[in-house]
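What follows is a pair of complexes built around chain A, which joins chain B in one and chain C in the other.
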Partner chain A sequence: MSALAAAWVVCAKDATEELRRKVAIVAVFFFAATAVTLVSFAMVGALALPPADRPPLEAALLWIILFFAAATGLPRAFVAEEEAGTGLALRKTIPAAVVLAGKTLFNFLLFLAMAVITIPGFLILLDWKAGSPAGVAATMLAGGYGLAVVSTFLSALVARAGQRNVLFVLIAFPLLLPLLQAAIAATIEATAGGFPATALRVLVAYDGAATCGAYMLASVAWED
Partner chain B sequence: MKALKLLLLPYLAVVIAAAFLWPEPAAGFIGESSRIVFFHVPCAWTSTLAFLVAAVYSAAYLWKRNPWYDDVAAAAVRLGLLFGVLTLVTGSLFANVMWGSWWNWDPRESSYLLLVFLYAAYLFLRAAVEDPDRRPRIAAAYALFAVVLMPFLTFVAPRITASLHPQTVINPQGKVLMDTPTRAVFFGALAGFSGLFAWMLSVDARAGRLRRIGQDILGS
Partner chain C sequence: MPTTIAAENLSKAFSGAPLFSGLSFSASRGLVAVAGKNGSGKTTLLKILAGLARPTAGRVRVETDPSGSTSPSARRLAVGWAGPDLQLYGALTALENLAFFRRAAGRPARGEELVARLRDVGLAEGAVHRRVEEFSTGMKQRLRVAFAVLFDPAVLILDEPMVGLDVEGRETVDRVVAAARERGPVLLASNDERDFVRPDQRLDLSPAGARA
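Up next is the complex of A and B:
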């Protein structure tokens, strides 16, 4: 089986397991939906702000929701294997980099599904105007991929550590902040109607660096 | 290392005295506040150097699996954090004099704070991995992954939004914009802080090795 096919099998396995269990995946979507509702309720006063003042606030809120919704679901990638006792079997049958690729792909798809719920909620409940839909879509793809690859790698690191849920947030936040900052800057520009070329370059550079780092260190983080 | 310690004491005494007495305060800064550059920048430099040393020794550990390299990497992160906190404190003192507030959420201030968090997380991660055989490997992987993303915190993030921070030594012109006395004391301080770090690293890494051997004896 080629590495690509094996990565797809890992991704499909994770998707099947999560859809079968439902609890974790429902929790992620429920968190995203609740957070959008709560933010729109709290932002009623802010709707009166002049249109020019709203993009920074809206972009920051959108990415805060996406980050924390992701933090409830993405770290499960490797942790779930250890909890189910299947980690050893996976380590013995598939190379770590391929497992990382499959789990990153699943987390990326999960992030996009979260974005599909969150963004229409934002558009409707907060009267958000995405001035450049292409810019928003490119930001979601580049930002979501970075979030997925870093979260998946860190999940492998904390999978066999104590207090892993708290530990994941502690180690993920400082590593992901440059990505969040660039994603927020890109979303502000896209909301205003421009295509965020500069911020997207930063996001793509971050994604590239994180991907290289994660794949070079995958075996160290995951294997015995 | 004993010779380095004996040399460092008089050398740093001269650098500190010179920092307060030799160069004139820089134009455009309130009072004597510009003299912080002789302490703040060397602290930031030493902190970054420490994190790079941690990455090099982490890579060496993964290659050779020699626990001494892990002792050095952990000591380098601890010292990097110490110098990182000193960078934040000296920056905050300057901010209060120049901008009237101890903390301004300036992009450079914030990104440096996050860099400190990034490496504080290294110590949390070490503490959370209970298996002594796995701990150095996981810590080394994190240190190397962190150093790959560190440039985004130190170089990219502060430049995405406007900053109050004075122009850095690494500026767009690629020139050190300082008069001769300031330049001499500044580079003297950089060398002195680097030497101090080398000596402290040697002491802390050896203390770490003793702790590890002690734990091995108690554990066996």
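Up next is the complex of A and C:
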């Protein structure tokens, strides 16, 4: 059995647990729905802005919502294992890199599900015009994957630390800043109707570097 | 070739305070009784032997093939472990738990075989499909034992396996240990001397230092 197939087994286990317990799903979706609704109320005045001035504001707001909604659920990947005491069983049987891959996959799917809820809300409530739907979709895929892999790795890193929530935010901010900058730049361009090729290249490069770093350090972060 | 587990000059210290030091032993078959008072380091020693913790000094060798080299992934499954810290997934059933670990380790997870394994540790048919969070303390302990032997390990490490078990449960663990010690080494830690049935070797952990 390949490592990818084993990672899929880990992802399926996380999904089964999550569908039964609904801890991360409820937190993530409730945050996203609340944030989109509140932003739509606050943005009433901004709707009068000239169309050319709106994309930067809309892109920044969209990624702020996606990032903070993700931050309520994605870091649970390894933290939940430690809190439940199941981390030892995982470490005993499955290589750290496989667990990391499985949990990254689950977090990526969770992000995409969140985006599927958030973006229609944005389109309807904020009268957002995604000029290039393909550009927005590609940005969500590349940005979401980067967010998932970094959040999952950091979750492994802080899972056994005392102040894990504070630690996660402190480390995540500088690591995710380049990703968020590139994702916002790509979303601005896609909103304006262009395909954000340059910003996507940056995102893909970031994703590649983050993936390599995470897998090289997986056992250091997760095993004793 | 029988599998050998050997510790060479193992030491463990927490924040500079030594827990045990200079511990060496080797076992290829039979029961190794790991004894010592509370806080003497039994659980830590067994976690180090199981590959779940690092020693401060010294090393552990697990040799499962004639060349003497054992890959990390082979060693991971060659040593079965269960201890009081081990928890399985509460939202999954007993059967789903075992199937998950088998599949994730790249091993087949046939339902009938896994049900038979659960039956072997005294988890009756009704318990197989119940979520683990609904289990009693004794049932969880039986499931821990099933997890420890899930990959038919060459080396079995059990830390306080009798805790929370009724008479029938203790007999079940005795049977599991008896079968495993015929195949290879079994290391069993307990505070109760009655848990050591005719040990072949004894490791005493005391504040003065470990004695093999």
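By our rule, the second predicted complex is superposed on the first by the 223 of 224 C-alpha atoms of A that agree within 3 Å, B and C clash if a C-alpha of one lies under 4 Å from a C-alpha of the other, contacts with A are read in each partner's own complex, and residues count from 1 in each chain.
Methods note: contacts are C-beta pairs under 8 Å (C-beta built on N, C-alpha and C of every residue); 3 or more make two chains touch, one makes a residue touch a chain.
This is a predicted model, so every value here is computed, not measured.
When the shared chain is aligned, chain B comes close enough to touch A:Leu177, but chain C does not. Contact with chain B, but none with chain C, is seen for A:Ala199 once the two complexes are overlaid on the shared chain. In the superposed model, A:Thr86 makes contact with chain C only, not with chain B.
Touch criterion met: A:Leu217 reaches chain B, while chain C stays clear of it.
Look at A:Phe153: by the touch rule set out above, it reaches chain B but stays clear of chain C. Which of chain B and chain C touches more residues of chain A is settled by the count: it is B. Of the two partner chains placed by superposition, A:Thr34 touches none, neither chain B nor chain C.
By the document's definition of touching, of the two partners only chain B reaches A:Gln163; chain C does not.
Residue contacts after overlaying the shared chain place A:Arg21 against chain C, while chain B stays out of touching range. In the superposed model, A:Ala209 makes contact with chain B only, not with chain C. Across the superposed pair, chain B and chain C both touch chain A at residues 224.
Residues 62, 111, 114-115, 117-118, 121, 124-125, 128-131, 134, 137-138, 140-142, 144-146, 148-149, 151-153, 156-157, 160-161 of chain B are the ones touching chain A in the complex.
In the complex of the two chains, the chain A residues touching chain B come out as 150, 153, 157-158, 160-164, 167, 170-171, 173-175, 177-179, 181-182, 185, 199, 202, 205-206, 209-210, 212-214, 216-217, 220-221, 224. Chain A makes touch with chain C in their complex at residues 1, 5-6, 9-10, 13, 16-17, 20-21, 84-86, 88-89, 91-95, 98, 102, 224. Taken in their complex, chain C has these residues touching chain A: 50-54, 72-73, 76-77, 81, 83, 85-92, 96, 100-101, 103-106, 147, 150-151.
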